[in-house]
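Presented below is the structure to which this report refers.
As written, the chain order gives the labels A, B, C and D, with residue 1 at the start of each chain.
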Amino acid sequence: MYPAIIEDYQRPESLQEAVAILSGYEPGDAIFMAGGQSVMQAMKSRMVRPRCVVDLQSIAELKGISSANGLHIGAMTRYVEIAGAVELAGANAALRDAAQHVGDRQVRNRGTIGGSCCWNYVASCMPAVTLGLGAIFHLLDPQGKTRAVQADDFFLGPLETARGDHELLTHLSFETTPRSGSAYKKWGLVTDALPVVGVCLKLSLDAAGRCSAVRMSLSGLPAGAQRAPAGEAALMGSDGSRESVARAMEAVVDSVECHSDKWADAHYRQQLIRTLGQEVAATAFARARGEQ
Amino acid sequence: MELKDQIRINAPRERVFAALNDPAILKQAIPGCESLEATSPTDFTAVVAARIGPLAARFTGSVSLADIEAPVRYTLSGEGKGGPAGFAKVKASVELEEDGAATLLGYSVKADIGGKLGQLGGSIVDRTAQKLAGEFFQQFDALIAAPAEATDDAGDSKPVVMAQPPARGVGPVWWGVAAMIALLLAWMALK
Amino acid sequence: MKTVSITINGERYEETVPARMLLVDFIREKCALTGTHVACTYEGVCGACTVQLDGEAIKSCMMLAVQADGHAVTTVEGLARGAELTPLQQAFKAHHGLQCGFCTPGILMNMSEFLEKNPDPTDEEIRHGLVGNLCRCTGYVHIVDAVRAAAAQIRRGS
Amino acid sequence: MSAKPDDRGSWMGTRLPRKEDLRLITGQGKYVADIVLPGMLHAVFVRSDYAHARLVNVDVSAALEAPGVVAVITGEEMKSHCRSLRQPVLLPNLPAKYPTYYGLAVDKVKFHGDPVAMVIARDKYQAVDAAELVVVDYEELPVVLDPEAALDADAPRVHDEEADNLMFEMTFTGGGTDEERAKNEAEVEKIFQSADVVVKGRFRVHRTGTTPMETRGVLAEWSASDGLTVYNTTQRPHIDRLAFADILDIPAEKARVIAPRDMGGGFGLKAPFYRESVVVAYACRKLGRPVRWIESRYESLMNIGQERGQINTLEVAASKDGKLLALRNRGIADVGTGQIGVYWGFVMPFLGAVEMPNAYTWEAGDTNLKVIFTNKACLTPSRAFGHFPTRFAMERAVDMVARKIGMEPSDLRRRNLVPRLPYTSVTGEYYDSGDFLKVWDNLMVQVDLPAFRKEQAEARAQGRYLGIGFGCGVELSGVASELMVPMENQPGYGAATVRIDPRGKVFIMGGDAPGGQGHETTISQIVAATFGISPEDTIITTGDTGTTPFGSGTIGARMGSYFASAVRKACDELREKITHVLAHDLGIRATMEEFAFTEGEVVYQRDPSKRKGFREIAERIVMFPINLPEGEVGGLETTAFFEAAKPMICFNADACVVEVELATGQFKVLRWQTSEDVGNVINPMIVDGQMQGAIIQGLSNAIFEEFIYNDQGQQMTADFEHYKLATAADVPDVKVTYASTPCPHTPLGTRGIGEGRPSAVPGALCNALVDALAPFDIDITELPIRPSVLWQKLKAAGAV
């Protein structure tokens, strides 16, 4: 189908120009277009009917991965670039795990990390992964003011984020902690489908090889991207043994709300949390130990 | 979709029932409510501008009341139309029970959505509806419980919003409307 | 209405179009290049409309024409040079990689970029690369055969 | 890459690359959506949001005012200006309730997606804008969705004019009278009473179908002199033409239907006559301008392509040494509204019931089918027409017997395959020819079961669960008039016109309308082989009722059986004429058999110096028709018809190997191996492709796809995010092998293949899963089979 009438299309070339255009509209009347792989679905089904589309493609500052001074990823950095970025190792390797399996090649050639996080669809990978990695979201407002929002505060629930109506997400920054590893894995009925359940785990090891810091997040559940604090607590001090991971995932299963739908019932989702948890834990520990 | 819960409101039963019949309160408590009008003693229409994240829509709902047994219980049925998006149908019952100075408000809602709204609503319908119902109650509780708390010297006082006496016969429209908005939002919340 | 200039298969098209026009409609209706197909509604899942935007495979139904202003698009009509088919096109013919042909242009546009990035793919990589293109006729078997054969042919040629 | 004729110079049996491909791989294909006519308008349907509701009012005033809008058509207008779709040409000769319905809904909407109005605008975007402005006032009615509950006396009725929701009921065994059937039932019961082993299952198959990548499309134009021309995505243009004429009340000579040469798959979905086509055709006549409707995927998934949808309660009696004795089945098909012309939803389950006994010998059978209306989209034909569910039930039941008596399922199958043909099944289906055992034995050679059992045991010792599953299927090879006339009120014969031009080029015209099966190539090989010319020198035209002989369409594997045979017959008639003239010119007395058509020449075999180029003799007969043998006239063109006296079949057998992960129930199909009897193969590459595609469709149906209605009758799977098709990464490679027996009833020994091919798949798949999990003794009787379901079963069995 076809989008409803769009009165105006703008393609700003600077950040300031972009936020200025948006601020000229009532909230919701103008939207930023990043890769468009979600927004176009919403526009074509006419769930979203913007008066103005502000296309971010020409703003160079929004693009690319930089590890010069901590890890920064521009909001308009595409999945294809993240999937192939060798610098995303160890603590941030989960970004690659996710980006390699979002949608399909064509989607990965257009879709962006910032677009996905700002859309915050209920079942999607990037919100859960950036949450699991503890990303910081950098926002710019029309007055030129910037603010940094922790991932825990950025995602407010499906389709809602802390981004203000007239704010632009410019980039995300990530910690590059040593002796750390992360991993993400999802399951869907067909290959690379939206997650029925996905698990992201990031951990740091102490000198004895035990977990000294953990973040865990889930995708695919009705709450949208969410932390799994019970699992995190249970994994602290773990050496990565299957038993310790199993205990942690059981704690997760006990503490989160799973739902039933046509792809899987709630019990099966719980089982996926258990099995995916084991897989991502094995990978994350290996990465933290420098084995991968 | 079915929602069922019981919540405790810090106000006596009569007062809760009256507030549920007060369009001004309801209008404030319903997220995004633009208007709330009685078209007959038992029929009401509401226009709600709902918004979630990047999505926005205006939604027209109509609600009819039945089995009114003040201040104890009533049932309602409602229908909301989202234009080409589809429709929502709601059947609900509410029961108020005294719990000391407070009131236990029990409700059960069955809602069905149709058209694109339902097809694209997917599994997040319940969640969104619950969230909105939660928002409503939070606001509702804040609106009607505040005076009682103030007289109890129970810490920070909240502004008293109850501005006018309940209009006669205006029923608890929030039900249908809240659930319908929830459904509409669920529809929009899909990619 | 917006005036856009899009280079398609090396030819520049300047047209004034509504902002809401999809790129795929621009290609099919404004440029009369009907090799690019549409097979889903709003979901953008089937991949039949895949073209290359500045050399990368994308779904032209998931983009507005105005977004492609100033860019270069390649469609299936732009693959062959005159009568000379590309190795991938030849392989699809030789290995019966198509039946009804409706999904084929999208697959060719996706796989020709895929093979540039990964000239020596495993079958598993080919299949993973094809996830964004639904085919209902072939069961994918001969498509995988064709892509594998084309990869070998391209490697031999270079 | 180009194939060559075989040693004898024949193109038959060679892997000739397809003639169709060049245009399709270069973007030059012309599908219906690619056809643009001057002044063309765009149509969009407004469809019901409700599954069952009275139409109180349809207000089109705002839509009419919208920019670009030319007209809005409603059901009332269709009813007053056109006949209903309940026309004799579209009605089977079977006793069923046939609802009266029109191009658009009148009075009532009966399923979610029922068309209520059609908006026509100059621009397709504007047409969608305006469709949003049509305001429909519905009075909701209670829905009936469960086919079993639909038979309750107080169930809401889908069609007000009918007494109940039972559309069709038939018993397929025992004979024609109630008395005979009762006697048969008693006899079957006696076998069940005394049998060593009885298995019983309630086998439920969900709604799923074949979903071609190209949706439907209709482009209609009207001219006062020529009447109606419709470009329609149809598999049967000649039947459509009659239907258009009858419904729109147009003289039949003023109706022409053209199925575009390129059609993006059909698989049966494009075989019915659809109501949307009528509205588009009506609108173009009313407006005097071309009108085009291209179906959206959303509409397609809501309206068509839904098949399967049966519950079969099947019992099988067997002896303890593995002889199948009797079957008893009670089938229920959920047909939806039944409002789709030609098939009416029930013809598929009807044939499915007929085909239930499959390739096995039975002493007796007792089968009954009830087809029931519900507030859902009408079932439409899909490849494996009706018997995907019955075969799933049968192939599972056979394995259940094998397990019960401790026999290898493959051994049990072989023991019960019909050993000699012809044979008539307990439901009266005639199996003409072939060799089932040869096909089976070839499969077992490919599979090497002892080696697999060893691999399986070793894997199991390591905690890996491998399983093997078998299935087989008798499929119709085309449909003879004997079956087509009662079933679809249409002839089964194949028809072909063959014309040779003065340059020796051969034109073939057929009334069928292919959608990717490679007719142009296959026919060119037959013609090339028959005339000893190159396939390049042939031109095939299909789909245009204005230029092709009457035919029932591309349905039911008619290509290799009926169309190919008609082409061959026509070619032979022309060979007869050519050799007759040539013998006359050479001054010899010779019969056709004494000439060879080879390498572009016609050679007198007793004296090869006596020969003439094919082109030269063609030119002589077409252009210089003088000095001809007595009684002969010039010209080289003929139309031939082929009809088989009895239905014909093909046969196939499948084996697959799966691996299941206990912890999640996730499984992978590791190998898929087939053995086929397709008669003489014209182009093995094309046949391989047909088989592979069919098998993957079957897998995708069995695992991923499902049309879901919620408890309000809302269709919840109307896009590809919700209706999941298998991607390339989800399915295995498929190895196709042949153990063919030439068909004695076709001139080339060919059989039609491909239509029924997916039906052996779900049984084989589920048998493999059950085999892999044999230690836990689970069973599968319902589809779709998904990891979550398998895991629940494993959990219930205490495996995890």
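Rule of thumb we're sticking to: a contact is a pair of C-beta atoms (placed from the backbone, for glycine too) under 8 Å apart; a residue touches a chain by one contact, two chains touch by 3 or more.
The model shown is predicted, which means the values in this text are computed figures rather than measured ones.
Student: Identify the chain whose mean C-alpha position lies nearest to the mean of all protein C-alpha atoms shown.
Tutor: Chain nearest the centroid of all protein C-alpha atoms: D.
Student: More C-beta pairs touching across which pair, A-B or B-D?
Tutor: More contacting C-beta pairs are found at A-B.
Student: Using Cα averages as centroids, what's the distance between subunit A and subunit B in whole Å?
Tutor: Their C-alpha centroids are separated by 33 Å.
Student: Taking each chain's centre as the mean position of its Cα atoms, how many Å separate subunit B from subunit D?
Tutor: 52
Student: From the mean C-alpha coordinate of subunit A to that of subunit D, what's the distance rounded to whole Å?
Tutor: Measuring from centre to centre gives 44 Å for this pair.
Student: Per the centroid of Cα atoms for each chain, what is the distance between subunit C and subunit D, given in Å?
Tutor: 29
Student: Counting only residues that touch at least two other chains, what does the list for subunit B look like?
Tutor: Each of 84, 122, 191 in subunit B touches at least two other chains.
Student: If I count partner chains per residue in subunit A, which residues reach a count of at least 2?
Tutor: Only 1-2, 4-5, 41, 45-46, 104, 191-192 qualify.
Student: List, in ascending order, every residue of subunit C touching at least 2 other chains.
Tutor: Only 18, 20, 41-43, 128, 131, 133 qualify.
Student: With touch defined as at the top, which chains are paired up in contact here?
Tutor: A-B, A-C, A-D, B-D, C-D
Student: Okay, in this complex, where on subunit D does subunit A touch?
Tutor: 124-125, 128-129, 132, 296, 298, 663-666, 704, 706, 708, 716-717, 721-722, 724-727, 729-730, 786-788, 791-792, 795
Student: Can you check the complex and tell me which residues of subunit A touch subunit C?
Tutor: Residues in contact with subunit C: 1-9, 11, 33, 36-37, 40-41, 43-45, 53, 55, 57, 80, 103-107, 109-110, 191-192.
Student: Would you mind writing out the residues of subunit C in touch with subunit A in their complex?
Tutor: 2, 18-20, 22, 25, 41-44, 47, 50, 53, 56-59, 61-64, 66-67, 69, 110, 113-114, 128-129, 131-133
Student: What residues on subunit A touch subunit D, complex-wise?
Tutor: Residue list for subunit A touching subunit D: 1-2, 4-5, 46, 104, 187, 189-194, 262-265, 267-268, 271-272, 274-275.
Student: Please give the residue numbers of subunit B that touch subunit D in the complex, ascending.
Tutor: It is residues 83-84, 86-87, 112-115, 118-119, 122, 191 of subunit B that touch subunit D.
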